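Each of the two complexes below includes chain A, the first together with chain B, the second together with chain C.
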Partner chain A sequence: MNARHKASVFAFLFLCTAALPAAAARIGELSETSISSQAFRFFTFQDPTVRYALIGTMLLGITCGLLGSFVVVRKMALVGDMLSHAVLPGVAIGFLWNMSKDPLAIFIGATIVGLISTGVVNILRQTTRLKEDTVLGLVLGTFFAVGLCLFSMIQHLQTGNKSGLDKFFFGQAAAISSDDLRFMTVIAIIAIIAIVLFYKEFLVTSFDADFARASGLPTQVIHYGLMLLVAFAVVIALQAVGVVLVSAMLITPAAAAYLLTDRMHRMLWLAAVFGMLAGAAGAFFSFLGPGLPTGPFIVLGATSVFALAFLFGPRHGVIVRWLKQRSRSHRVQRENTLKSIYHVLEHREFKGEGVSLRELAERRHETVEDAKAQADTLRRHDLATLHEEGNLIFLTPAGWQLACSIVRNHRLWELYLTNAAQIAADHVHDDAEKIEHVLGEEVVREIERGLEYANRDPHGRPIPSLADVHRGTAPAYRSEEPAGYGGKM
Partner chain B sequence: MKNSSDEISQARLISTRDSQGSANGHGSGEVPLEIHDLTVAYHRKPVLWGVDLAVPPGKLVGIVGPNGAGKSTLIKAAMGMLPVSSGWVKVFGEPVKKNLKRIGYVPQRESVDWDFPVSVMDVVMMGRYGHMGLVRRPKKKDHEIARACLDKVKMLPYANRQISNLSGGQQQRVFLARALAQESDLYFMDEPFSGVDAATESAIVTLLHELRNKGKTLLVVHHDLPTARDYFDMLLLLNMRVVAFGPTKEVFNYDLLQKTYGGRLTILSEVAHAVRQKEDAL
Partner chain C sequence: MNSLIPPFKLHDVFVAPWTGQFDNTLWITLMGFLVTAACGLVGNYLILRRMALVGDAISHSILPGIAIAFLLSNSRGTTPMFLGALAAGMAATIIIEIIHKKSRVKQDSAIGIAFTSLFAIGVILISLYASRVDLDQECVLYGEIAFVPLDPPVEIGGVSLGPEPVVRMAVVTLVVIGLIALFYKELLVSSFDPALAFSLGINSTVMHYSLMCVLSAVVVSTFESVGAILVIAMLILPGATASLLWHRLPGIMCLTVLHAAFSAVLGLHLATWLDCSVAAAMVVMGAVLFGLAWLFGPRQGMLQRWFRRKHEPPPELALEQSGPAV
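So, the complex of A and B:
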């Protein structure tokens, strides 16, 4: 371990030992109790601290989830981040107002400073050539730095009840008082009412601001109204989540909801529920040990929900996509086997219906074991029956139908490419190998119509007709018919 | 310095001389769109100069011109969506802000995020928002209108699809349906033919003619000259100023198109550049 490495470890340990217990000491009676008794204390809800913490974090989770949904679909995630950091000087000023942690003063201070920060962002954007992300980063840094200066100044003041002020950095749900809770309730209700009343205005300005303006909506007013609500959400979340992580509360539950649904109203519901669950989980876990900050637990709770949505989401989830991909490749493989069987039979002009494993293996350039595995798959899907101890494959009617339609797709597509797209006959096979599995019946019929019901592919082999596909037996063999290469499209 | 202001006044002269139809219109309440001496600047760089325009009712008007000619800017400014440096816009004889309800709009398809979590029906319903007023919810009548409009563009079967699953042509049909749902008398459309298949293009043309025959006035930004001649009753040739405005068969000629797409642009954009530099120096 080199010296620099050691130094950083010491710095980290110092932070843990110095900062966290300093916070823990003020929560009072939490120390020296076991995890199970803390958990018991949490779930009995007897302790008002627990009740306030739980209800408070759930309320802020709902508020942040709802407003965060609009932040996410309006692509304003960076704005949320900026706002949540920039309110810090406002918290300090609110404290300095009457030298106590009065929720109203802090709320007003933080909201005003938050609005000033968005104003500064707008001025810089309109008067300079700087782009939005640069301006946001600049304002975030500046305001946060001012906040840190004010905070260190407050720490050195002799007067005032400074207890709980440090919770604004990492968040401590246990520090939520009944006054704070009353406040959070009011804000949550305001946010919910605003979203219910102005849902359609928020929706249309988020989706298509130009169109909204052209229909006479006051888009600027709506935008700043929404920003004000976001600022409210940030401020009530500050105490429990902390300045550093509030923006994650806006974004993570909403991002998880976004992955799960395609409708805005459902996204709002989901994000609110996710935010609420994350808040409750964070309050619980931070309660288990002395001095555990709430913010990281709430955010990690939200991240867990996001991870679940990412992995198991029914439509866009990774696992579903993987399963779909797998079932598609299995289907393609089955269809290719059927096609090979068809080719073998076609080669002997469909005389004698069974195909032996060896013939199939030769045709597919595989081992007999592989061919056997393929044959078993076909049998399991009722596409084929096996005879003579599994050595002879007979296609079922369903198997014939599928085989005919794949061969038909392949040959029609080849003919289409050579005739309509003027691609050389020796270039079309590989493309048809892929397309044959995805062509819909409607498209195939249209191609057939366009080719004037030609019955020979570019290599002179007969194309199974729709009647062949529906019959469910070997196609009528037409080796004697004159080769029709199809008309031009 | 003197030189550049001379150029500006000359440019104004050209535009007023060439824009036909600007003579009538004053006082008549039934002129769907009247624009007087409109100048628009982006970041202090003028992109539209002294536009005069009076569009008669019941016409399908194509707006053509090269890239950067200010076609989108003109329709956005006409709807009062951009700050203008000078001039005014009247819609049916009233300032545009008062008559937004009589305006329908099809923005450029690329201007929105098609992954947005809304259904086709949600988007078309947005066309009704202007008629509903703040806070109000869509009523039965709004739903009926939205469905009828979707049916009109043959997208009713897709009403409950999410918009990201649509092809370019389908997306454009949805935007048209939304504009139809606005039930307006004056329509602005920004490149409704961009990125659509041939079937959609002819369906849109039929629809535009239908609207025109009902007495609606339509201004359509279009970038394909050969089809412009067939599609539109009147053409507005635009290149930072109005080069010409009149019936298609009168203005679709070599000289005017040459003027629109040819060398004229360089002088104006140089002046625009000079103006900007002068202001920066101050």
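So, the complex of A and C:
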């Protein structure tokens, strides 16, 4: 009440100082403006319309974000879409009630029609063989057409104050009045209280409906309660976002939040914040030019947030995953080079420690340039040192350990597949090529123990033992072949 | 309230349109019929493939394509508009695929995000360049089917064929019918049994994208007359009504066209009576026809079921209900 009081004082002062008729203060109807002066007006909050628009869009962003989270995790995005188009006749009927833009009448009309549309969808699904998407599209289109009929009939009427009614299609935040704002606050509070009180119930029915039913929760009642709340959210968002795009407010902020977290309560917080940001951004941008609809800007704000989460999300983001994948493939590449160096050394029975680029290139069936590039990569990672103008590669102790353990993983796995899984010896190589890079130390030791510290792989080559790995240098001075803990087989 | 619904005068509603301004009425009705028929025929396949809401997404998404084509070409030419819409439709399909494949967002949310964003871009373009673009928000919502007779007529060899949009729509409808006739088997198999289609060597990805192309083409050619949103009803209503009445595809196709004709004529009369948007009235009449089919349909209608439940023993009822699915 206090805030409203203050707001009206502000409005009065504004009207006195500006000496303008009240209608001209509607931000949507200004004709001569520059972008910077409009931005200045927006951020100084002198204009009550600006305050109403900003608070209103932020409130609806919060409400839609919260309820949209449940819509998204329940995979009901298209139900939200249907509902948002289908409330149009309700808006028209609400207007016809007393021929004015009375928020309460429009709210009641739109909510009732929204619930009727949900009921029609359910009846059609139960009594016909039509699939769910067909039924949703059918109800969406039909209700929208009825709404359009009513709207075009209202446009042809002689009586009534029809101004602002067309703003319901694409939204105009500037058309939010103090009555609308009070209404939005009430609905937002109802939604928040409902979610806090029934959080557990909503959570359980969303993620495990069978469990919810088994534990005696009235899932149908909860479902319809949630649909009612979603209908509320859609209806209060109509004024600012418009019928056509309201579904985006339900889906997009919640989907962005869904990309960033695995916890429902965190998702709710994030979705509310994203919705709020999108609302504020939409109100600001539509304020910059005359007659710009607010809805599309709010939607694009939400889409930008989604795009950012989609690209840069810390866990599920595309870029993070791409980087991870790239670093993994680079690691595999390095490990394969090390393995080839080991093979070269093994081929000449560990005589001499240096491997020339030529030998490496021959081994890998590549050009010398490629081998050189790979040798440089190894050097950068301190896995090898280069000598004789970069032509001779010496493994560092770390490089040796890695090379040795990769070969060890590979050969142990081959042996494991032939012994434990009864796979023919000539079929195990490709599998081992992949698994060698991901086997952990724990698993490798377990396999080794299971194979009783065998020292030959199915192709007859020696398996490096733990001792060889940790010795840190090539076993060049040993006459006998690498031996495990027990030489016994 | 009283002034909202004008008194019903039989002569004014049903006779006057056909005597007073025969030409106007004929062209508007014909346009409505062609639009609904073309949409309904394509829509049948959307229904079969459970892609009804992809149709919704595409019809919203072509808006920025059309707006950009207008801005670039500065004309209302058919080719740029068509190309723009096709590009936007494809973009929508690809964005949906990317969001769905590259993240854990489910497909329904991906559809919702993609089409609302594209539609928002379209609306912003239209409002920013309202003076340059020969389009407005009204047109996007209601369509301008009532202005169809005002367009200049097409003349071939001195014979006037009719207003340009009607002729164009007739060509589109004929092309759609031709394509369906040509690829009837492929479409049928890939819609009902993708595995069989694969074994027959029908590339289902190609079929999918071709269908999306045809859908974009139909939606863009109907855009001027019915707008971007009512199209969804025109895509689904005829096919849904037909599938309540019949269970084999050729019959469904015929019923689709019949439904289109009835909803166009009845919609025109409804619009004449109530003085409302013609395109919306046609959809409303289409929905009324759907309601009638749902109530009085010969096999699955509500009355029939109620009647059967009263007179037949339960086991046969169960058998009847598990009949061939459409």
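Note that in this section the second predicted complex is superposed on the first by the 445 of 489 C-alpha atoms of A that agree within 3 Å, B and C clash if a C-alpha of one lies under 4 Å from a C-alpha of the other, contacts with A are read in each partner's own complex, and residues count from 1 in each chain.
What we mean here is this: contacts are C-beta pairs under 8 Å (C-beta built on N, C-alpha and C of every residue); 3 or more make two chains touch, one makes a residue touch a chain.
The model shown is predicted, which means the values in this text are computed figures rather than measured ones.
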I'd like to know which partner A:Phe232 touches here: chain B for first, chain C for second, both or neither.
neither
Quick one: classify A:Phe287 as touching chain B (first), chain C (second), both or neither.
neither
I'd like to know which partner A:Phe168 touches here: chain B for first, chain C for second, both or neither.
neither
Greater residue coverage of chain A in the superposed arrangement, chain B or chain C:
C
Between chain B (first) and chain C (second), which, if any, makes contact with A:Ala255: first, second, both or neither?
second
Just to be sure I read the superposition right, which of the two partners does A:Leu203 touch: chain B = first, chain C = second, or both, or neither?
first
Looking at the overlay, does A:Phe144 come into contact with chain B only (first), chain C only (second), both, or neither?
second
Partner chain in contact with A:Leu130 - chain B first, chain C second, else both or neither:
second
First (chain B), second (chain C), both or neither touched by A:Trp413
neither
Overlap of chain C and chain B interfaces on chain A (superposed complexes)
75, 258
Considering the complex alone, what residue numbers of chain A touch chain B?
73, 75, 197-198, 200-201, 203-204, 206-208, 210-217, 258, 261-264, 266-267
Give the list of chain B residues in touch with chain A in this complex.
76, 79, 81, 97, 100-101, 103, 105, 107, 111-113, 116-119, 122-123, 126-127, 129-130, 132, 134-135, 137-138, 162, 164, 178, 182, 188
Could you please specify the touching residues of chain C with respect to chain A in the complex?
1, 3-5, 47, 50-53, 55-56, 60, 99, 102-106, 108-109, 111-113, 116-117, 119-121, 123-124, 127-128, 130, 137, 141-142, 229-230, 232-237, 239-240, 243-244, 274-277, 279-281, 283-284, 286-287, 290, 294, 300, 302, 305, 325-326
Sites on chain A touched by chain C in the complex
72, 75-78, 80-81, 85, 96, 124, 127-131, 133-138, 140-142, 144-146, 148-154, 156-159, 166, 169-170, 244-245, 247-248, 250-252, 254-255, 258-259, 289, 291-293, 295-297, 299-300, 303, 306, 310, 316, 318
